[in-house]
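Next, two complexes with chain A in common: one pairs it with chain B, the other with chain C.
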Partner chain A sequence: MTAVNEAKTTVTVTIDGKSIEARPGELLIKVAQDNGIYIPRFCWHERMKPVGMCRMCLVEVDGIRGFPPACTMPVSEAMVCHTDTDSVKAAQDGVLELLLINHPLDCPVCDRGGECPLQDTTLAFGPVESRFVEEKRHFEKPIAISDLVLLDRERCIQCARCTRFADEIAGDPLISFVDRGDHTQVLNFPDDPFSSYFSGNVVQICPVGALTAKPYRFKARPWDLATVETSCTTCAVHCRGAVQSSSNQIVRLLGVDSEPVNQGWLCDKGRFGYEHVHSAARVLTPRVGGREASWPQALDAAVAELKSAKNLHGGGAIAMIGGASGTNESAYAWARLTKGVIGTDNVDAQLGDGIAAEVVLGSDRAQISDLDNAAAIVLCAGDLKEELPVLFLRVKRAALELGVPLVDLSAAPHGLSKYVTHALGAAPGEQGLVAEQLASAIGGATPANETIAAATRSIGSREGNIVVILGRTSLAERDDTVVSAAAALGALPRVRFLSALRRSNVHGALEAGLAPGFLPGRVSLDSGRVHFTSNWGSVPAERGLGTEGILRACAEGKIHVLVLVGADPLADFPDRSLAKQALDTVGVVIAIDAFETPSNRRAKVFMPCTLWAEQGGTVTNLEGRVQRVSRKVSASGLALDDWRIASELAQRMGSDFDLETVDEITEEFSRVAPAWAGASTATIRNARDGVVLPFADHLGEVVFRRGGSSLDIEYSLSWEPIRADGDDVAVEASDVDETAEIDRTIATEDALTLFVWDRVVAPRSIPQRDAYALRVNVGRKLYDGGRIVAESPSLVGLKKAPTMLVSSADAARLGVLSGESVKATSSRGSITVELKAARGIAPGTASLGFSADGTGASELIDASVSVTDIRVETLR
Partner chain B sequence: MSFTPENLARAQSVIAQYPDAHSAILPLAHIAQDQDGWLTTEAMAEIADLVGTTPADVQGVCSFYTMYKRRPCGKLVVSVCTNVTCLVVGGPEILEHLNDRYAADDDVFVEEVECLAACGNAPAMQVNYEYHEHLVPEMAAAIVDDYKSGVLQPRGVSGGLK
Partner chain C sequence: MGLAKGFGVTLRQMGKKKRVTVPYPEEKRAKPQRLHGRHVLNRYEDGMEKCIGCELCAGVCPAKCIYVRGGDNPPDNPVSPGERFGFTYEINYLRCIHCDLCVEACPTQAITETKLFEFSFANRQDAIYTKNELLVGDDGRAKRMPWEYWRGDEDDHTSAWMRATSSSGRSDYEGRVNWSGELGFGVRAPEDGQTVDSNIALAPTHATESHNGHNAKADH
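Let's look at the complex of A and B:
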């Protein structure tokens, strides 16, 4: 990062005769670039520290002998720089000739051919001929440095972009320069591959074809690709990306640099997970009773079940789980169908693995960028590296580069552990208690212990907000420990919450009202009743059940029709036994999904839906930012968008939504949903970084695109931070034609107030652990058994069988060797799992990964108890 | 092979000398090389663990220096200078003689090196980093033989005193 001096003054520099104002300390190459002067470079990357490695950016600076590299030269007052003199050109010629000495001319078979910075730079700045006639250096080509990335060392020009990324950005220095002189090469350690979750980024930023991604190799030529900007919806961060296709097949996703969201980076699951869209396992035809059917047959069959259940038992006999995997528009259509037409409030987008919607929607929210200048970041969530990888990068950067204290309430070691400044060491299930102690210490009470005192001091010494990253700390605990932590911390004046719910568009689904007790736009069922009754005709009379309650009611025979919209409770609900009982008992399952899953296998009606990149619309990320996702390929088979299915069902149930396009839904959503007031389709389309909800509060932050909604991503610049065009300063919405009409009336006319959580929590007690048991912490893994990993050929092999980690003291006490298989038994069931002794695990606790394929940890968890204790015995 | 208990204690005392454990990679690699006769991948992985980094990082640091041998090099590393001063007074002849003589000897690793800074008494060579100067080919061979037979006591292959 550029070392920016906070002093208010600017300096005046002259580059190629042009007088430029710049901040002192800014790098010359960046100042020039920002003012339209491109200095060629290979090693310098805006998001990483400069190294001056490739020497391509040599310039002349008056008063400095020789040719300093512009990427390591900070500007100073009255500096005069020349980038296009004959002697600079001669220097650039010389550098390029040297860089090309060992570079093979295999461009016709190189993935980078056609979008290669070395090609382009040679054409623009290089010599015409090479004088080098000797043999070039040779290496085995290419070698796999990980399961996803291949390295061709002959093509490498030693710019160190990849090694610096691995070390500085990802924190996984698993590749490094080896040997010296003309033997210098990038290499991983033997038998220790570059298995970083972020490895795909090095392929994108490589300025030559040395690093290639297995899924994209030889698939397409860059000039044949069609590109559209979108958001990745693999997790809830919604990194901006550019999805590229060739012949109606998605072949690549590039990270787009959005400052408030992902700063250009993607995780590998997001980058390569597009493969699941083209999986042969997709269900592409509707099914009724297990047999292929036409859409009218399937819709009629579903409506018949819904109508009969409603007529016989009332709307409450119908429940819906899911809706978090589609767009906001789909979520809205399903909310309107279930709450407005069917008349049930038994609707939940979460699968019992998140946090109560009240807490997520009704707390003071932080944005991702608030992490950069927070007084402190409090971690009260699962392992961010596994669940929200790009958010992990942002937190790591804040802690490591920006000096933000990291206060940790986690009960098990995680990806950020080594960056934590104050580890408060909460035991599983006790995050709430420790949070209360921290909150009362920050509030002025005597700290309960020295670590809390130290954390309180360091928070107290800093300006800014305390950002609490709030997610489900463990799937083996009920969410009440997190809820009580939120209640304690939320009472403090400068605390803001960043939700760490991970599932795709779950925040969009919650904002659309896919949670019991809520209606679209962050209003409760009661406060929105009049408003939505006038818009929709009716809303449910009383608050319904969440997923756990729905499954329990299914098991008790109280719910007759269960609608699963992209949801697989058998795999994702923490308590598999309850999910199984529910699905075995419930009369009718109606499934809307792209894949057959154990949960929807015996669905009465199966309706195939489209997936990411097959559907357009908007999505909402974990900070409440609404961004567009784009359709890039046509829908597979007969699959329809989720919203279309909801709308067709509504029509057959006698209630015509009169919504024909995604934009029409967006318009209706922003018209009726209070949090969306003013956020029209045009506003969202033109906002470079999306809009943050509630829109009325964040209007001033919106940066509008120059030149309307079009987006051109120059494929030849994919190695540099890809930025959507936008003005640097926020523009008042009223300056932009399409958004001149900001309708703030709905927030006031009907006296609708956005929901605020009252922070009332039921008193809770944590059962004593007996001395022979281990209290288990269960967290998600990035490469779990979920559909995206399972149906992406490049990712499926990365899934590891879960292991149970215990302290070496407990391993010794149990008489178990590290690496041995053991039987773990809870009150619910037992599993066989490999046990490993690991550092950082507190005695008396165990840490276990959640498989998301219906095996493993979910067999141990009882959703009705607050913590999960297990006994471990050897199989010998 | 992993560090012996004594070497592990030495390694830990070296790490304690630096504010940043990462700085101890080079001295630790010398200890490992003196112990094992070369810098094994196991040793690099263990050093990484001791200083809190990745094996790839240790490999990157160590492979930069030619004095770390990343394949077995016998008991004696014989470094013969062929830089300017030694070049004109017989360095290359010594190198050729030793290369021929020990070609099939797994205990002796003969390498050509740049200036050893012993130009005053050229030609010069080092045996496990101990200087021998003012040489002729036969004399150089006799010195190496003395090390082999135990008449002269060699240092470790990284130059450490035994």
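Let's look at the complex of A and C:
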């Protein structure tokens, strides 16, 4: 008998007379919900641990005295539970009456009114009337607990969702309950605002209107919002979200729970950054020579410049930087325009702040969900909390909740430092060396030191892959340190890479061939030459330059026309003086952008493009997942989609793409691009969580939407995880007509193979640091001076002036007090910056935030040297 | 046959004085008490606006003729009591069907209807009344716009009189007057078969006397 029970992996429970199979240990409330029985609740959230605080989910269980809460009750064999008996109803009435005693019922002025769980639950489960006639408790009406979140303590029902989120999920325990009894309230600590990067999530999961977001406050009522599912493209994680608009204005972005991507969470920059779409600073009409012009005039002017440069100097005299901010379709159209029509390979979607495209496209890739069961996660990237916040949440969860060891190659302290298991203590620029030591230790050699030995032991003791999060560790170093780390680690059998490039759709742009030496679909220029010549007419003869090379060539006068597609090299390229020199020297700048930036201010032709939520299509995130983004509001002014501009230019250049819609581009893309082989618009439309590239390898993982291809989502309870409805079982490709066959003919016909990086790196030497200098590590901050932050009124105030962090030993040696302004000088230039002594910084190194408004660290960095050393002097 | 029958009806009526139609506009009939006409946005006695911008009226409107946007009340110079006020309030009278569901929905009795229906416009834009035109004046009475034809006391009893249901829809209130006092007019006298609820504070107001005569009339 016992043996039978042990062998059984499920238990049978009876809820309201329905017999249900469940996994032992699963919570009763979840089992009931999964089987269509809704037990009312406020405090329980699927992505957080249960607390049983609100008492709303009381049920009856045979054999248990009283009413146990279903959210803390694990199911066990032969459990019989009742959720709708008269006594349960009486208990629910009592709990709701209690919760409403102090609730002010100011629903008409409450932002939650209309989508309020307390309203809905009261209507469905509550008492008709309250017996409470006494005065309710009073607090000061909304108090700002951060720059983005307001707290109305009168409305709070003390479910602890927000405090638990801040503590468990975000790791910023900045809000907590204070006082006791009926004075219990949520508060931040005095002088310490709730300045979490994830504060917007507590607004979404609050079951009442106690927490409201300042940007959405009184903007609209939930019933007049139109909602459509999309992906946030603020960074490269591409969290699923539901964008909502009212009267053609975006008013809110809610997180949608997508298990493989964001698990329902969003960062504040993504959640509130929609404001930049409606910024008054948008350029809404084309400009030629600084004057407003019509579209035909602007297109003709641009084509005239492109043609004359091509005829006089050849296609190589034209270069394009950018293309990472639009959709995959836009990137494809621009790749076809530049490589197929103009005939230049001087094309780069990255701004010298990423990693070589060979490494990103040609290494074994991991998915975000692989982090959960990895043997170890190796951090070889910038600060994930600042650059890819929701990926940070996933890594933090893996380390903290799932016990995955974190091996850290970072040179400066970062958001994940406190969760790191094995800090290998690499100095700036030496990640490659440390990675080689680690790789050889894992490979069986004698470990170089005790930390590497410990890391090797813990990796060796675990199953699964080693996921290396690979990004630019520091903007003050060339990417070769990361590339050599990737080469060393990539040689190991179990290693998979998760790219940590941060810019919007940069992975989609790279997959679409917006990188020197590449063509769409992860093929190199040489191997795809025949295939793409037959499809496009021509391809560039030889490999071109990346952004650094383009800027250098511009400065030397070798490039005559520079096309900037949503790129701002003066702000984003690490070496500002090179960017400045290039833009001052280059003959003609053609800009496609939504905003005027220092880089495109003197553009000969300026063409306004649409932004996120104004354009539909697909985007590709850092794991290669292709997901759909939706158009929610109409284009501002005369702005056109990037792909439309490319296609118009191509037509005027004498080469008609014959592509009229986004779907047609997607289809052509999947017809010619090997990584997309077998993809169809229908499959992409119907895939609930998108499709991971290369498509043919991942078709089996696709979960199809049950509701068809529409992205209009009806959410009733925004505080619960919002999910797109999908069939839980992965559907065979043959179940969907349009994908009846995985068409891999591209791969066979032209002998096209997906690019694989050969892991050959040039030997590099790191210059010695002299004893007086500090070797600086420069990383991005979430609220930088970039366009999204600068043009979003709610976010712009959150930007902080960068500070330089040094060890207290160095501060003492320099005779500088923490908080004092100092002059930092490199071989390139000097800046004045506030210096702070901080823990976790190795002596001889410094950490500095990169400010994307063209001031600060970029004045110090010389793109041609491998590391940046600075001297610090006081201003006294 | 049918023709003769029809003319028969006509001939029988000829000469009888019992006429129910009037030669409008030379002659105009008295309007019923509960006629639904042009809206007003009411104020409290202290001049604060009653509208809190909750958009319930816009939400319930079957003709989708109301556009409301809320705003954050400036703490130093509040427009209405509380956090939120109606920042934008517009009614498109080309769409409005005067069903009064907005009045029913309003949690603060901010929007009510007068009995005015004689107003016309030369273009579509003019048909959209903004908050400026809808808001009552300092005396609590509707602003009379030049293009509107107002007769006498059409803006009397613009308040809760127009509600078809009792507050919070409770049947207990059937047969009782239960709306709160409204600026300028106090609590209405009960209609046929109604009693005055003792819970209601009778609002003593300056205008009660001047409109007293009309209050007593309950012929609708």
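Going forward, the second predicted complex is superposed on the first by the 862 of 876 C-alpha atoms of A that agree within 3 Å, B and C clash if a C-alpha of one lies under 4 Å from a C-alpha of the other, contacts with A are read in each partner's own complex, and residues count from 1 in each chain.
In this text, contacts are C-beta pairs under 8 Å (C-beta built on N, C-alpha and C of every residue); 3 or more make two chains touch, one makes a residue touch a chain.
Remember, predicted model here, so these are calculated numbers, not experimental data.
Engineer: Pick one for A:S655: touches chain B only (first), chain C only (second), both, or neither.
Structural biologist: After superposition on chain A, A:S655 lies in contact with neither partner.
Engineer: Quick check for you: in the superposed arrangement, does A:P142 touch first (chain B), second (chain C), both or neither?
Structural biologist: Second partner only.
Engineer: Figure out whether A:L187 sits in contact with chain B (first) or chain C (second), or with both, or with neither.
Structural biologist: Touch partner of A:L187: chain B, not chain C.
Engineer: Between chain B (first) and chain C (second), which does A:N465 come into contact with in this model arrangement: first, second, both, or neither?
Structural biologist: It touches nothing on chain B or chain C.
Engineer: Could you say whether A:Q615 touches chain B, chain C, both of them, or neither, answering first, second, both or neither?
Structural biologist: Touch status of A:Q615: no partner.
Engineer: Which partner does A:L174 contact after superposing on A: first (chain B), second (chain C), both, neither?
Structural biologist: first
Engineer: Residue overlap on chain A between the chain B contact set and the chain C contact set?
Structural biologist: none
Engineer: Write out the stretch or stretches of chain C touching chain A in their complex.
Structural biologist: Answer in residue numbers: 52-56, 58-59, 69-72, 82-84, 87, 107-108.
Engineer: Looking at the complex, which residues from chain B come into contact with chain A?
Structural biologist: 41, 44-45, 53-60, 63-64, 66
Engineer: Give the list of chain A residues in touch with chain C in this complex.
Structural biologist: By the definition above, chain A touches chain C via 106-109, 113-114, 141-142, 217-221, 223-224.
Engineer: Touching residues of chain A toward chain B in the complex: what are they?
Structural biologist: On the chain A side, the touching residues are 163, 167, 172-180, 187-192.
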